[in-house]
Structures are given as structure tokens and as C-alpha cells.
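First up is the structure itself, then whatever we jot down about it.
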Amino acid sequence: MKRYLIKRMILMIPVILGITVITFIIIHLTPGGFVKTNMEMNVKVSPGAMEHLKALYGLDKPLYAQYLDWLSRLARLDFGDSFIDNRPVIDKVLERLPATLLLNITSIFVIFILGTIIGVTGALRRNSVYDRIMTFVTFTGYSVPAFWLALIMMMLFAVKFPILPVSGISSINYEMMGPFEKILDVAWHMVLPVFITAFGGLAYISRYVKSSMVEVLSRQYITAAYAKGMKEKEIIFKSALKNSLMPVVTLLGLSLPGIIGGSFIFETIFAWPGMGRLAYEAAMSFDYPVIMGTVTIAAALTILGNLLADIAYAMIDPRIRYK
Amino acid sequence: MNKMVLIGAIMAGLLVFTAVIAPALTKYDYRAQNLSERLLPPGARHIMGTDELGRDLFSRMVYGARVSMTVGVIAVLISTIIGLLIGSIAGYFGGIIDSTAMRLVDVMLTIPTLFLILMMVVFLGPSIINIMIIIGLTSWTDIARIIRAEVMSVKKTAYVDAARLIGLGRARIIIRHILPNIMGPVFVYMTFGISGAILTESGLSFLGLGVQPPYPSWGNILTAGKDYISTAWWLVLFPGIAIFMAVFSCNIMGEGLRDRFNPRIKD
Amino acid sequence: MGPNQAAIISVKGLSVDYITGPVEKLHALRNVNLEIAAGESAAIVGESGCGKTTLAYSLLKLGPKNSVLSGDIVIDGISIGAAKGEQLRGVRGKTAAMIFQDPGESLNPVFTVFQQIKEAVNAHMSPVPDDGAMRLLARGMLKDAGLDDAGRVLNAYPHQLSGGQQQRVMMAIALSCAPKILIADEPRTALDVTVQAQIIKLLLSLKKEHNLTLALITHDLNVAVMLCKRVVVMYAGEIVEDGMISGIAQAAHPYTHALFDIIPDMRSGRREFRAIPGSVPDLRYPPAGCGFEPRCPRAREKCKRIHPEMEAGARCFFPYETRRIE
């Protein structure tokens, strides 16, 4: 297992370097150089920030030196300061991170649980009316524009039947609540955003679980389990399920960038104080350091998520654990 | 499964047809403002109602179909060409070229695509051309991977060896013998790619970074309408349904085709 | 089988169809009649696609979902066709156990050997023994199956074992509930020659020790005659010969002859693979006459038109003379 994980980590190094190269290229993509563009576009830039920016990207140095500089700053998590309020980017990102993680991890969890249930039951009753309906429903979720659905939902639950909160992470009187009430309040605010994220992501996982389950159920060790006289429930929910769910762990890791990427649309719609909304606000006000910071951190989160998925996979699959 | 392809193809075909004959379908100019007819609900004069500037929504939707679907198709063509090039080169030559290409794919898969697109749109500006190029540039990885795998497996089969023995050049081997074999899976990913690109454009529009007015796209019609959602529901409902139909038809077509071309997933 | 011996496996008029399309059926088994007495060993032989594995799976109703069974199967007094739920479960593993072609494929890759023995025992034992007792039990079973380092094997996952060890584990699991019948489906194809020999030896000794009724499914006549006095030959979904056969001299059906002919001769060192020329008929469209007719050296005009019935142990109009000891 150690060798497997070490190999995985070594493979990550070029990926990380690649991400830094791409973000670096994009900075330099702007016609006329981005500090200049920035000066023209953003009047709010203070002279101090300007100087800092020039120093940060070392625009007078040769390109490779600039890149190495950028790299060494990244290693120290120094993304510079925001143009808007001159606060360090890393601070701004870190204070938004928990809300994003909360939303995304909850959504992934919900997708995993529901996707597994739909996939497994679909595999057991393949081509039944139930299976067809579920396929249609998940496929609809996959095809519907999420922000549109969010608008409709907000319309329904805020205007027509005001039962669910549609904006923010907590109520106005949050500070005055007891600890248990606080948790409940945040959970209540998460219902709609999580529902919409999960609805969109369900098709991917449930379809995979279904085909994986169908494949496992046709394997000889399942026939052998029946031949042993085991109970069908035990065969399906123990022998087959563990085998068919293992690859899903990796899949969850792979679906991370999509979910994080989608989060700035959700976060903007639901006024969720997360990183996605920060990135959007930064983009709209041409706050380059914050844009670069959020992209790099989002990519880093994805890498971390993939690594965690790899570790989890290695731990549950004995073929990798004992190698 | 062919039923799915058929339904998808009919839906998509209808949408494309509408877009193509757009001028014949509309009584009104999609740009014509009529402030005395602002925010009219759907009725006999305006079958989909009018928007906040009194423009006929149906006309805007029909022309929006042109823009949205063009963005989808061109973006996918760009990503297909990139994916074909990178995938076939990586698969055919193998070795360092292959592993470099695959690391690049890893990088692209790791950066949340929408973040990357957002960033590039902000830096380069949201023109239609830029949006198509940017979506194309960021969504070639699936195609590259499938092409690479297919090229590698086709490369092993005997007739490519035979072609090499005859003395055909490498480029000719790829083009003449390998590419025809991989058009099936490529087509599958193209249909999924079109739906993805249409969704991405509408998402960008929603953030104000998609196709910019005065060009109507389903995304920017919807975005403009969202401020009137509580009074003029039609401004949100119709473009949403149009996006959904386009995406859904491409997706079920892709799904049906995938089952045909990939017997492993067939169930 | 003598008339005074009770049949523990009794198959009457068994037909199995696989539904392969909206109107298309593959007739995998056609009107199979077979009785095997308690304690008897019978080998069921034939090329792949002849229906022998379908027959083995049908005995425990393990066929795929698209298969349709008709006819009677009675295992130790229980009618398998009608059995459901608990009753069927009671036969599987307890009355009749089964081992499969590929030991690596028939062990679940994500559970340890111990867990897999345990689930087999738990399926039939109540109250369920505690872990300590279970371990002791499992260790003994593995030892019986010829695994000396039972302690290590017990905690191992299938991929950590060699093919031979996996096969032994399969046998230990199969025998864990002291079944009366063992159905062995090609119990050695996936193994190399030396291990194959060991496994056959083990199978023989286990059969004696546990007084098992053995139904051995194999494509290899060599193994069949080595392990079993009685050989049942199948072709195109039918039994074409059934009798006490120990060599080509006792074979009446031309197909059985052909099977003997292709056995590689060990002594001459000639080990190349040989096959009977031609191929098995398409079972979606079973032939009107004898299924083997197109490949048969003794075929005549009649064989093409008329379907032969079993007569004196062979389904053939023009059988070879035999020196059979009945």
C-alpha cells in the first residue's frame, strides 16, 4: 500500500506544477500585460498595492525567473493582497473555505448515499418501471440548468410557499441561538443548495453504481455465494455491495472539480458566503490576486480530495492494501 | 436503446430546424423594442409574451437558439480537434509524448473547469468567439482520453501492422486506418460535449459573463428575465425549458449511442 | 446404477432455454434424463457449449435470470424446480455443494478466507458458532483440504494465494457443511499440470473420506475416467452416451470415440492441442436429426433426418461395438 500511495503522490507533482504553469500563463495572457490592464480597469488600486503587485510578479525579470518567483510565493501561500480591501488573499480565502467545504462535502455525501441507493435498487430491478423512472429522473437532474432550477425553487419556496430559507448560511438572529439551534439553522439553510447540487450530480454516480452492481452480480463469486446457500440479502448487501462500491470512491474524487466548479453559481444564487462567491465577486471587480488565489486553492483542494480518495480506496481494497 | 437515440435526435433536430428557419418563424424583429408592450404575458399577439423592453420573447428565443447552439457546436468542434490531435499523438507514439500528454490531461481534470473558464473569460473578455474558444480549450480531455485508448488498441490489431509493412507513413496510418474506427466513441463525446457547452454558456451568462447583449442567447435571456421572476414568469420559464430540451436531447442521444458503441456498459 | 440403489440426484425431462432475444431462444438443454445414486461418481463430459455447465448449474437452480427451466430435478428428495427461499437455501451448500471452474474468480476478492468460510457455515448452522470456535473449525477444514499453513491462509485475501491454494480453499468451503453431494465444474482448468494432479488426488481422497456423491463436470475424458467409473457424455444439449466407461473400448457413441481420440498422448510427449474437426451446432436452431451427424465419420443418410433416441446407453443409430461390463 505504501508503494501505491507513494506512486500516487509522485504522479501529483507534475500535476501541481502544471496547474501553476497554467495559472501563470493566464496571468500573462492579458493583452498588454495585466498590471497595465489592471491600472486602466481598476481605479481603486492603491499605489501601495500596485508596487506590491509588481514585486509579487516581478514583471521586470525574465519569464522563467518570474515563474520561479510565482512558484516560491505559492509555496508560502502568498497570493498577495486583494485590490479591493488590501487584505491578504489567503486570509480572505481561508475565511470563506469552511462554508464551501460544508456545502460541498454535504452534497457529495448526499450524492453518494442517494446515488448508491438508486444505483443498487436499479441494478436489482433492471429495466423495471421503477428503474426507468429513476433513470429518467436522474437524467433530468443531469440535464437541467442548475441555476434555473434554483431560481424556480426560490420562487416556489420563498414567494409562493415561504417555508425554506433561500439565501445565506444562517438566519439574522443566529448569534442569539443556542448551539443546537445554530446547527439546525445552518442545516435548514443548506436544504435547497444541497438539493440542487445533489440533483445534478446524482445521474453520474447512480449510473456508475448501477452498471458496477450489474457487473458484480454476474461474477462467479456471486454465483458461488448462492451455491453456498447464503441468504440473498446478505449476498447483495454484503458480498456484492462492497465490491461494486469500491470504484465509486475514486469516482467521488474525480467528480470533485465539477462540484467545486459549480459551487460559485450556487453560492452566488443562494448568497452562500463561500469561496465560489468570493471568486465571482473577485472576477467581477477584476481583483486578480483573489482570482488567482481561489483558482489555485480550488485546484489544491481537488488534489487533496483525489489523494484522500486514493487513500480510502487503498484502505478498503485488500488487493492494494496487501501488495 | 435506439429509441433513446431516436427521441434525442428528433428533439435536437426540431431545435436545429427552428434555429435555421428562424426568420421565417418570427413576425417581430428580435431587437425591436416596444415600450408600450412591456412584460406582456403569453397571448395571441406574442405567443411567449414580451420582455422588459417590450421585445417579442418568441423571436428572441428563436434567434437565441441560433446563438446557443452555435456556441455549443463550435466549442465542441474546437475541443474535438484538440482532443483528436492530443489523443491520437499520445496513443500512437506512446512513451514520453504519451505521459506528458496524460499529465496535461490530469492537470485539466484537476482545475475546476468552471473556475478556469471564469478566469479566462474575465481576462480575455466575454465575446462570443472568446467564449467558444475558451469552452473548447477547457473541455477536450474526455475526447483525448478516449481517442488515446482507442488508438492504442487499434494500433495493436493486425491491419495496422500490415499497413506499416506496406510502408505507409505514420500520419497516413493514423488518418486512414485508425480514425475511421474511432469515430463512434468520438461522436458520443461530441453529443455530450454540445450539451455541456450549452450549459456552460448559460451558466456564464447567468453570471453576466456569457454571450453579451444585444446578441440573444438562451442564457442571457434567462438572466435578464430573472429580475422579473415574480411578475413575468415566462421570461424565466421558456429559456430554461429551451436549455433543458437542448441539453436533454443531446444527453439521451449520447447515452443511447454510448450503449451502442460500448458493449461493456450495455445493460 | 443398480435398481436397489436410491437416486440422490434425479433429473427427468429437463430442458433449459436461454432467452436471447424477443423471440429468440437458445435451447441449452433438451430433454435430459439422469439419475445418480448416493455415493456414486459420475463424470459429465463434452466440449464447451454442449450444455454440461448448464446442467450443473440447473441442479442447484443457479442459472442466469434469462434461463427457463422445465422438467423435474429432485435432489435428495427435494424438488428443485418448485423449491424457493429457505428450502432452496437448505439444499444449496448443505445437501449439495459446488466448486467452480476458476477458483480465483469464485472467491470474493474483498473478504478474507476466514470470512468466506464463516459465511458458508453461518448459512446453515444455528446457533452460529462464536469466532473462536469458528476459527478452530475453519482451520481444521483447511487442513483437511491439504493446506498446511492454515493459520496464514485463514487471514489471507484470495489474491494472496496461489491458484492451487485457492482451489483447496474452495473445496474446504464446499465441504464445510458436510454435504452429501459435490458438484465440481471443471475443477482444474485454470491450474497448471502439477497442481491439477494434486487437486485430482485430493478430490479422490475427499470423496472417499466424506462418502460423497460426485458429479464431475469436465471437458477432459482423461480426468473423467480417472475419477469416475460412470461417464455421461453430452453433445448439443443432450446426453448422447451414459455408461461405465474406462477407455475407448467401452465407448459406443462416435462422439465419445472422437473425444478419446483427441486426448493428448502423455507417453509420446505429444502435447499439442487437438480438437474434433467441425463445430457444435447452433443451439438456437437445433438440428432435426442427430446433432453430431455433420462431424461424424459413421453418419449415414438416416442420421440427417431422424433424431436418435437413447438405446443401450447411447444416442446413436450406428454405435461402435463395445466390450462393456454392465
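Assorted remarks:
Here the chain labels run A, B and C in written order, and each chain numbers its own residues starting at 1.
Just so we're on the same page, a contact is a pair of C-beta atoms (placed from the backbone, for glycine too) under 8 Å apart; a residue touches a chain by one contact, two chains touch by 3 or more.
No experiment lies behind these values; they were computed from the predicted model shown.
The set of chains in contact with chain A as well as chain C is empty. Of all chains, the one whose CA centroid is most distant from that of chain B is C.
Mean C-alpha position of chain A lies 52 Å from that of chain C. Note on chain placement: the centre of chain B and the centre of chain C lie 55 Å apart, centres being C-alpha means.
With centres taken as mean Cα positions, chain B sits 22 Å from chain A. Among all residues of chain B, none touch two or more other chains.
Within the complex formed with chain A, the chain C residues making contact are 57, 60, 62, 64, 89-94, 97-98, 100-102, 105-112, 119-120, 123-124, 157, 159-160, 170, 173, 177.
Taken in their complex, chain A has these residues touching chain B: 11, 14-15, 18-19, 22-23, 26-27, 29-30, 34, 126, 139-140, 142-149, 151-152, 155, 159, 210-211, 214, 254, 257-258, 260-262, 264-265, 268, 279-280, 283-284, 286, 291-292, 294-295, 298-299, 302-303, 306. Taken together, the chain A residues at the contact with chain C in this complex read 218-221, 223-231, 234, 238-239, 242-243, 246, 316-319, 322. Across the interface of their complex, chain A is touched by residues 103-104, 106-107, 109-116, 118-120, 122-124, 195, 199, 202-203, 206-209, 222, 226, 229-230, 233, 236, 239-240, 243-244, 247-248, 251-252, 255, 265, 267 of chain B.
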